Amino acid sequence: MKFFSDNAAAVHPHVMDAIIAANHLDSPYDGDALSQTLDDRFSQIFGTRVRALWVATGTAANALALSALCPPHKGVICHKMAHIEQDECGAPGFFMHGSKLILADGEGAKLTPAEISRVLASIRDDVHQVQPACVSITNASEYGLVYTAKEVAAIGELCKAKGLKLHMDGARFANAVASTGAHPGDITWRAGVDMLSFGCVKNGGMNAEAIIVFEPTLARELPYLRKRAGQLQSKGRFLAAQLLAMLEDDLWLANGAAANAGAQAIAHAAGDRLLYPVDANEVFVTLTAAEAASLRAQGFEFYDWGEMTEDGGEARFVTAWDQDADTVAPLAAAIAAL
Amino acid sequence: MKFFSDNAAAVHPHVMDAIIAANHLDSPYDGDALSQTLDDRFSQIFGTRVRALWVATGTAANALALSALCPPHKGVICHKMAHIEQDECGAPGFFMHGSKLILADGEGAKLTPAEISRVLASIRDDVHQVQPACVSITNASEYGLVYTAKEVAAIGELCKAKGLKLHMDGARFANAVASTGAHPGDITWRAGVDMLSFGCVKNGGMNAEAIIVFEPTLARELPYLRKRAGQLQSKGRFLAAQLLAMLEDDLWLANGAAANAGAQAIAHAAGDRLLYPVDANEVFVTLTAAEAASLRAQGFEFYDWGEMTEDGGEARFVTAWDQDADTVAPLAAAIAAL
Amino acid sequence: MKFFSDNAAAVHPHVMDAIIAANHLDSPYDGDALSQTLDDRFSQIFGTRVRALWVATGTAANALALSALCPPHKGVICHKMAHIEQDECGAPGFFMHGSKLILADGEGAKLTPAEISRVLASIRDDVHQVQPACVSITNASEYGLVYTAKEVAAIGELCKAKGLKLHMDGARFANAVASTGAHPGDITWRAGVDMLSFGCVKNGGMNAEAIIVFEPTLARELPYLRKRAGQLQSKGRFLAAQLLAMLEDDLWLANGAAANAGAQAIAHAAGDRLLYPVDANEVFVTLTAAEAASLRAQGFEFYDWGEMTEDGGEARFVTAWDQDADTVAPLAAAIAAL
Amino acid sequence: MKFFSDNAAAVHPHVMDAIIAANHLDSPYDGDALSQTLDDRFSQIFGTRVRALWVATGTAANALALSALCPPHKGVICHKMAHIEQDECGAPGFFMHGSKLILADGEGAKLTPAEISRVLASIRDDVHQVQPACVSITNASEYGLVYTAKEVAAIGELCKAKGLKLHMDGARFANAVASTGAHPGDITWRAGVDMLSFGCVKNGGMNAEAIIVFEPTLARELPYLRKRAGQLQSKGRFLAAQLLAMLEDDLWLANGAAANAGAQAIAHAAGDRLLYPVDANEVFVTLTAAEAASLRAQGFEFYDWGEMTEDGGEARFVTAWDQDADTVAPLAAAIAAL
């Protein structure tokens, strides 16, 4: 069984059905009936009027959102382990035309107001240093921790006080909401988030993500930026269909909860081996080299995280929507038996 | 019946079946089994060793290809009506970091060696003017004309002599190949084309296009550029599946031929009204305002092309893979009856 | 005698004296006493509160100004013969991160409201086409014609109505003001100009130009953009000194008038040979090949303009601040004698 | 007496004389007699065939050089305190179109092969992470330390082995050469440096720096990049004059040595207060708040470095070409007397 990442999991049957059902001639781009309902549907979910634009990848969602929040000569404060810094081949620099990612630190890849303040204090307010325009946080974080509504709000208040925009990378937003039980609006716009990259692919989608814009004026130029980035698909109905299927009957939350439950089962078995609290669907554990080999010999596949030495090291297990507690029971048992 | 564009047509059943069949966990990005066969499969089609990379849109295919062929401080010679100039919201300028599109003219949106030479002669060879690095042609052209292998080769020779790279926008490449009967290799790499944007979406695909690279050294950085542009999908198998389905049993050529046949039927009915030769699947005709209204009253939908005055103007009809001669017969009859 | 361009002329003695006088330790960048007076001094000249930033070249002044007026995904309408399009090696595309120059036509490299309106009407208001954000005009124009205050105001009104910013390339602004006698404010901010590239180098300076910003909010980010573009000199006092010397006792206007007078003398001699009205310090004339050779044999140096054939062609003579009517009399006589 | 920075010092009389002597009409841009000798003159200095291009600022020199060494999708390894990271308002990101500065650590703002190797090892060789293309070191470093020829060569070998280009920011190159006594060629091209930003402004120039290119193929596009960046001055002779004057009779080394001697005198007085070895013309010392106030009360001006608390902190003293040991004796005495 594979625990490399949720990013390559199968597409949920409801999503696939929605794609198949969308296969009829309709207006191109986002002029089709499905795309035209996205704003309304996401507005219901978030409890405020939003603009929702589909794109194909999380990298595009993040980079386009940031390019609308930060001008080319300024910077975005993010965690040094943030996906936008570590795993997007410089997409933010490309989409923002040279803007700088200003790196911060924090436990479990999470930022805090104190850390953001420390970074802000280190930047001289003169023309020689890149000035910050935006903060980006990831929820759930790259190490599987979540921000509570209160934590986001504390960051949001700081941003507002400092004139900074706030972006949330929600590649695993469903896992975060399912984990905290927070209302989607409470951990986003009510907490000061200006734009959200709403993840769908990792949660059972095929190739649709959404940029959710909570501040109408910020949405104005995004359709142009999307087109210019080669992200405006002519048969956009197939992306809208995925997102709508995911929202139907809260499938997105059910999927997120299932993946979280799988992770919890593994975490429970791992006990003291855990490197971080397991809030969402990622589990980081310490393993000796022999233990890692043993698990692999039993058919469990996963990534080493960092360097694995003779004495062992860290391993990452990620669960997907189709790997709930029951499904991962064999892995949990194997870990418990180490 | 809609003749706005082939870009929003239904997905061909074989393509949809291939997508459904790809719905199983596999390696992410382009590490899956399907993506891994793309190079081989396209190499067979073109009769030489190629690199084939999927992306989601034609704009991305064009802009990424050009960004690998032209450095930021140089320019790309293209027709003033080229899609990259007219319809991509500045994507080439974005992907190429400010490179200039150097505009040329030509009947039916086609370039000729003479016109390219004229443009080249107008550029002073000094640091004050943007120097050309590349030529981009569209086959079939934006007005539905095709380049023969010989015509491409003449441009290719000029490019080689002048040290310019040659890109072909093949959003409707299938229509061009089906129309000319040329071997795919003869109107591309054997004629000097360095990169091809291989269209699939307009020809019955869902959201996959391919960048075909005929010169191995030019392919080296493209995977990085694709990732950086937010075009690397984690479930890339669904894009590879579309392209492979399209190549299976030459479905791409059958689809292109069907659309072309539909256009021929309309063209035959249009007679003297034709504004351009109809080589592929686009038909441009002159209509009086009353005639346009009459066709629309009969349920035929199409775009005015340019300004429609009281006295009429030009109209564009585009046929898709599912609009062959039989299917469009009612439109042809209606035009003939005007 | 050389009539290639005013861009390489000697530095006026007053300017050189000011440079020498500035050679003492002072605060770096634009913190020195001279730089700190620039805003006030230029505000006096223009009759309104302006921000004035020195840069080293006209290309930098133009490109920085445009980058503050036009976002990366939009475009700037300019004449197809504009310096920014023809002679800056793509600097606008670089500084504006891929923005497009949208080309217009017009006699003598001048734009008119009618032509701008024609261009605007040709742009579809959808996400597929680059939308305009700005208009740039050159005064005096690349062919030596000037815009009157009334002509600029007509363009300014159109820009305001259409939500476009207005930039003026004033590499030869002194020649234009000296020619029209207009108040500097009347052909700029009172006529709707948002930013002006104020030329000094061609008018007897060494290496200082100024960006004049008439709208305070537009000036806010410019100091950062200047630094980021490598245009913030640490000994900026030497640039400020040049500009202040030029404004002292209206030296800039005296220099512009002298160059204009030289051009008038040539124009008078050229008579029917003139290709354009001579408003400023550039004269374009038709010459046979023999005539051109004869002038050169007499020691007059100048550029052919466009292609010079066996039958002759066009030639350009540019006068500088140190080539007034008396100085150019030999050339005028030689032309009259042809 | 001011010890803020050498960047605002007076221009050396020989340099000023050379500027005055260049005030005659000559060919524009770099076509003048002085600019045309730069390559030869610098080739003599470095003992190999080089290309030398003037620009106005060190930021431009660095950013242009890097843009010729690193494509937009790759990165440059540099020290986290490097000028290009800390003090250029994102110019590298702008000129390189979004390239990333990959930060390394090291005593006194110096890099070592070990540290560069550590950084390289931390970068996964896949499309998700920005791949390095170049290393940039500063000599003398931002903390006034110098690299010996041997130290540079060790880095150069590593770069060569890893396929990386090597850039040297030589804003204070004269101080480094004067300090080490190394042949200019030994600490640059013979040690593997591909391009050097040769500083002149901080060493008694007015507004000219030079990009020295040791690898001919890398120089090919630089003139275009310079023009596109608005750095090609039309009266370039005034920049060439500064550089040539600086090289005449090794004035650059004499100036560097004088500034270094001033720093040594201060360092000698500072004794245990020194934070770093003083190799060049920068001295970092610990001072109590009272001591700092005392020095300032005596008329010595300098920057606090980092945060100055009640208990004191760090201060930076920089000496210029006109602040040799004798000149700074009062400061040295004052420090010794603390």
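As written, the chains take the letters A, B, C and D, and residue 1 is the first residue of each chain.
In this section, a contact is a pair of C-beta atoms (placed from the backbone, for glycine too) under 8 Å apart; a residue touches a chain by one contact, two chains touch by 3 or more.
Predicted model, so just to flag it, every value in this text is computed and none were measured.
**Student:** Could you compare the number of C-beta pairs in contact for A-D with that for A-C and name the larger?
**Tutor:** A-D
**Student:** By mean C-alpha position, what chain is farthest away from chain C?
**Tutor:** A
**Student:** Counting in whole Å, what is the centre-to-centre distance of chain C and chain D, each centre being its mean C-alpha position?
**Tutor:** The mean C-alpha positions of chain C and chain D differ by 34 Å.
**Student:** Report the inter-chain centroid distance for chain A and chain C in whole angstrom, where each centroid is the mean of the CA atoms.
**Tutor:** Result: the chain centres lie 50 Å from each other.
**Student:** Just the number, please: Cα centre separation of chain A and chain D in whole Å.
**Tutor:** One centre to the other, that is 42 Å.
**Student:** If you look at chain A, which of its residues touch at least two other chains?
**Tutor:** 72-73, 88-90, 94, 97-98, 127-128, 224, 227-228, 232
**Student:** Quick check on the complex: what are the chain B residues that touch chain D?
**Tutor:** 29, 71-74, 97-98, 127-128, 131, 221, 223-228, 232
**Student:** With touch defined as at the start, can you tell me which chain C residues reach chain D in the complex?
**Tutor:** By the definition above, chain C touches chain D via 2, 4-5, 7-11, 16, 19-20, 23-28, 32, 55-57, 59-61, 63-64, 88-91, 94-95, 201-202, 206-207, 224, 227-235, 238-239.
**Student:** So in the complex, the part of chain D that touches chain A is made up of which residues?
**Tutor:** For this pair, the touching residues of chain D are 72-73, 75, 86-90, 93-94, 96-100, 127-130.
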